[in-house]
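The two complexes that follow have chain A in common; it is paired with chain B in the first and with chain C in the second.
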Partner chain A sequence: MFYRQSIVLFGFVVPFAICAAVVGGGMFLKSKTSATYLEKQALFKNAENDRVGALGIEAQISKKRPHMERWIAQVEKETANSITSHLKQIADSLPSKEFQQTAVEYPTSRTGFASVSAQDSSQVRLAFRGTFRSVQLALAELESRMPQLQLQELKIDPSGSSTSSLNFQITYTAWEK
Partner chain B sequence: MKPTLFLPGLTLVTGFLLSAGPAFAQMAEGLDTADLAPAAPAAAAAAAPTEKKPEAAPATGAKVIEASRFAGEELPAYVRQLTARFSIRKRVTDPFGRFQDPNFVIPEPKISPKGPAQRSYKPEPPMPFSEVVAGISINTVIPGKQQFLIGNRSFSTNDTFSVRLPNGKQLGVKVVSVNSQRIRFRNVTTNETADLTLNMLPAGMQKGVGKINAPGFEAVDSNAPVEIQPTVPLSNN
Partner chain C sequence: MVAYQHPAGLNPLQRFRQAGAVLRSTSRADNAAWYRSALELDFQLHLRADGNRVDSRLFDRRSGQWTPGPQLSEAHASDLTLIPAFAAEVIRVAQAAKADSIGIVLHLADELATSELKPELDNPGALNELRVMIESDPKSILDDSSVSASESSWRLIPYPAAGSEAIATTVCLSRSWAAFLDELRKTGEEKNFPVVTRAVSAPLVCLLALPELKRDELVRPLIAVLPYPRFTLLAFFNEHGDLRLLRTLQHRGQRRPTNLRHAASTTAAALELADPEVYLLSTGDITDPQMAADLQLVFPAASIREIDWAGTTYAAVATGMAPEPQIAIGLATAPETPLASSHTFGVLRSDGWAVQDFLPVAQEVAELYPARSEMKLLRAARFARLGFAALAVLALAFSSLQILDLVRKPEFTFNSDGAQSQKQRLTFLASERTRVDHWDNLLEDRSKAWVTMELLSTLFPEKSGFLVKTFNHSIRPEALPGQAKAGFVREWKITGLARDEALEQLNILNTRDGISAVFNDVATSTGNASFKTDLPSRSLVVNVRTLENNGYRPGPVEEAASLDDSTYPFSFDLTITQRFESSDQLAVILAKAP
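Moving on to the complex of A and B:
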């Protein structure tokens, strides 16, 4: 019966209080550490995803980067002048009997994909008379020189006056800046 | 004194162990890096193909011509490479049948004096009158009246009728004579005659030529030959 109060105080209450303080402190440290860990893990994952995405984008644009200035210069040029000069150079390299330009028009109205696109564009309608071989070569070279041309319409009719030539009517959409 | 010291000691040890539990648990969780550990290799694996793509492209793209916008300064070579694939370079005519030589002139067709159709034409040989007569199908013959029936039409001697051949031609036929054995016709145009042999018996039967003898009886005439029966016994069926 002696020292009852002291035994209760120092044998149970104080140790329990100390233990509770230690447990509480440990749980607080654990939860804080876990939260920090999860946060850092999420940040690491996001950074990895961003890095991989950046690598993918870089792989795509690294091929295009050297050409950007030339492409911008091409689409900034006036379409009519470019087509005229390119066609003149192409016609000089082909036999005149097999390739003749008969007409060129620049319709003001937009048709096809250009009519529903916000991108600036212009239309050009070309007409040729010539053999299939020469006109195919000429169009391949023209479209290689001007990648911004998109074929809109192509009509081929037989020429009545010759056994070898055809009449071509081609409409291009030229994308512009 | 011992029990009083033992109790606080036990309590302290218990409290220490309880408080150390989260620390051990934290250490156990600290070892659990399953989420993080595979993340880095997975990211590296995802990045690896992306980095390898540009290296693999030239190997597989040896024969693939890329878009002309990448040709750049090498545009003439690009156009040569592109146009070398056109099949029209090796063809005489285009897909519409037009000749690729602008100086080509179509040779004038040679008309031979005698066309092949005329040379190969042979007139159809006329149908022999005997075949025409054989094609007449007789239903009934009335020898006493010199008449016979074709279908429901009756003809008699000296009647003339026309026959339409399979090729559409018509032929005049005259009835010359009628008897029980044959009917003779004459072609009105050529005076050719042909007989239509009558065989009214069903197939496999023929007219008897001898006398009809009952089995077991012989002719009374002493000079008549003795009739014999076939040695092979008849079937019981």
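Moving on to the complex of A and C:
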């Protein structure tokens, strides 16, 4: 029995060791590749989630983006100038007997919404005399041109001089940037 | 033919390579005949050499037929140049008979001598050990120290009879046929055809025929006389059929030993074998016919049986050849006779004492080749290597496919730059959305003057019997600590006068459903969502107080002017409070725009 040990060694043990090394090498490579893949998969999933999320956000804000530019342009303007300019244009389009601006004031105190919000703002107090519908029309026009105006107070009283005219006192908070 | 080296001189790798070469270049792994006994093979050539001639017979176990074999002479034992042609013929005949091997059994009937063991070796339990030692180192156990192991071969024959003085004797044959058998085996190896040899002592084989020849009960001792051309073997058995002694008488040029009568009678007397039966087993055609007569001088004639082989189971061969080949092939089946069941014949047959190989393959030659178990192991190793290789290939292929599958996925080719850009884009868009949402919230239509005025006209339509005197509307935010948004409260305080037909409307307005209907009308007509009331984050409370108008002066209704306070019998004040919780969509974000 001179050959038994050699046969066992080179016929079984060595081939098994080589096979085990090959299989182990393959498994190691597979393991490494799997680990790399899992890393990249996580990266890919995150990126995919980001992409889907971005698409969703894009869909949400794409419709508002043009308005946003207009809004920002609007709030970046000085409130007093804007109101003066817009009211003049509005007044020009209405009969003078039905719409008259009687006062304008810009209080420095922060009241109403401005008192609780950290957003920059200014206060505007306006007074008009005019008919109900004309003043309502003028205010609708003003508020549509300046959406940053938030009504704080509105008082309507009969005008002593005319039965068809009313006195309006309006206080706005105007958001600014 | 590859010249193999003895494995003792090789390193493990060289041994494995040599074993592999044997596996590849020979049929030893596939043909078990290489490792079987010549007497076990299906196709056998029996040669019988008695010193005068050599008989040759072929036996095919598959058909049970005996046929004449290739002829040879005594000269083949000494002239090696004659052997290759004979060996080639033997192999050719075997291959022609479609045999996968041939067993060559050489029955040596030309000589036999016995030697005694050393007297101190008297332990029956050591028989197997002595059997091995007499092959490897005969000098160590033989009483005669002048023996030459290179010229002769010894084998042990046990004396199983109880009371024997010795436990065994040894049978000696010369090695004159060893070279002949070596060449036959060598030729077989060269031709990769198993040629398995066995050199047996013909007289020992012939003794195995005795149980078949004596079929009656054992009541007396036995003496078997086996005359051969050059010697006569005397085998003495006790009344139980157990061997007591083997004794050879050399003829020394005579046709029979001159001292046969004297030797047989004195030995029987010495062994105390009273009134033995004498069996004369003549196996050759030149046996002295006076031998029986000679024995009758010392044994009663009635006790002597001359065997006529023609009347036995060995008759078929006996006509043309001595009985030993026929006896040798029938070892597997023992006759059912009283003598066959004796201990001696039991062990001679089952333990193979009678057919011991006197000229086996030299140990150093036998060790050149892997053993049968090693060849099986080697072949298993070949399959194991294939299996391991297949496993490795499968594992590699499986791993490669899995890796390929992973690599081909889009996720694998994705790089971090793409992820970073997507993240930056999401961050940018999220920031933009926050900014958009912030301004969207700030600019919500939560408080518009023109809509409030529309509420007033909806509450009190023209010519509905109302005269509104004052209208005050204010908004008050409600910020709670820790909240991102602030709710707010809108309040309307309206005073005025009412006629009788307006009282019902005031009562309607003073209900939750009534005021809610008005607010929802305003929300619908103006599109302003702040007047919707069917939201859980909003509440609407109304309070109407109606009093008598102290300045009222009754008069015809048709003459009453709409602006004349004295034509209104009632005065009222209406307070509406609408509350927006901080969870409401119109609640104001408290933070500054990003």
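Everything below uses one rule, namely that the second predicted complex is superposed on the first by the 151 of 177 C-alpha atoms of A that agree within 3 Å, B and C clash if a C-alpha of one lies under 4 Å from a C-alpha of the other, contacts with A are read in each partner's own complex, and residues count from 1 in each chain.
To be clear about the criterion, contacts are C-beta pairs under 8 Å (C-beta built on N, C-alpha and C of every residue); 3 or more make two chains touch, one makes a residue touch a chain.
Keep in mind that this is a model prediction, so the values were computed, not measured.
Once the two complexes are laid over each other on the shared chain, residue contacts for A:Phe44 go to chain B and to chain C alike.
Once the two structures are superposed, chain B and chain C can be ranked by residues of chain A touched, with C on top. In the superposition on chain A, contact of A:Arg125 is made with neither chain B nor chain C. In the superposed pair of complexes, A:Gln150 makes contact with chain C only, with no contact to chain B. Using the contact criterion defined above for the overlaid structures, shared-chain residue A:Arg110 touches neither chain B nor chain C, since it reaches no partner. In the superposition on chain A, A:Glu98 contacts chain B only, with no contact to chain C. When both complexes are overlaid on chain A, the residue A:Arg70 reaches chain B alone and has no touch with chain C.
When the two complexes are overlaid on their common chain A, residue A:Phe16 makes contact with chain B and with chain C alike. Residues common to the contacts of chain A with chain B and with chain C across the two structures: 3, 7, 10-12, 15-16, 18-19, 22-23, 26-27, 29-30, 33-34, 41, 44-45, 48, 51, 71, 132, 136-137, 140, 143, 147, 156, 158, 163. Residues 7-8, 12-13, 15-16, 18-19, 367, 370-371, 373-374, 377-378, 380-382, 384-385, 388-389, 391-392, 395-396, 398-400, 402-403, 406-407, 409-412, 414, 416, 418-419, 422-423, 425-426, 429-430, 432-433, 435-436, 439-440, 442-443, 445-450, 452-454, 456-457, 469-477, 479, 486, 488, 563, 588-593 of chain C touch chain A in their complex. Against chain B, the residues of chain A that register as touching in their complex are 3, 7, 10-12, 15-16, 18-19, 22-23, 25-27, 29-30, 33-34, 41, 44-45, 48-49, 51-52, 55-56, 59, 62-63, 66-67, 70-71, 95, 97-98, 131-133, 136-137, 140-141, 143-145, 147, 156, 158, 162-166. On the chain B side of its complex with chain A, the touching residues are 4, 7-8, 11-12, 14-16, 18-23, 25-26, 29, 35-36, 39-40, 43, 46-47, 50-51, 53-54, 67-72, 75, 78-79, 82-83, 86, 88-89, 94-96, 98-106. Of all residues in chain A, those touching chain C in their complex are 1-12, 15-16, 18-19, 22-23, 26-27, 29-30, 33-34, 36-37, 40-41, 43-48, 50-51, 53-54, 57-58, 60-61, 64-65, 68, 71-72, 75, 112-113, 115-120, 132, 135-137, 139-140, 143, 147-148, 150-158, 163, 170, 175, 177.
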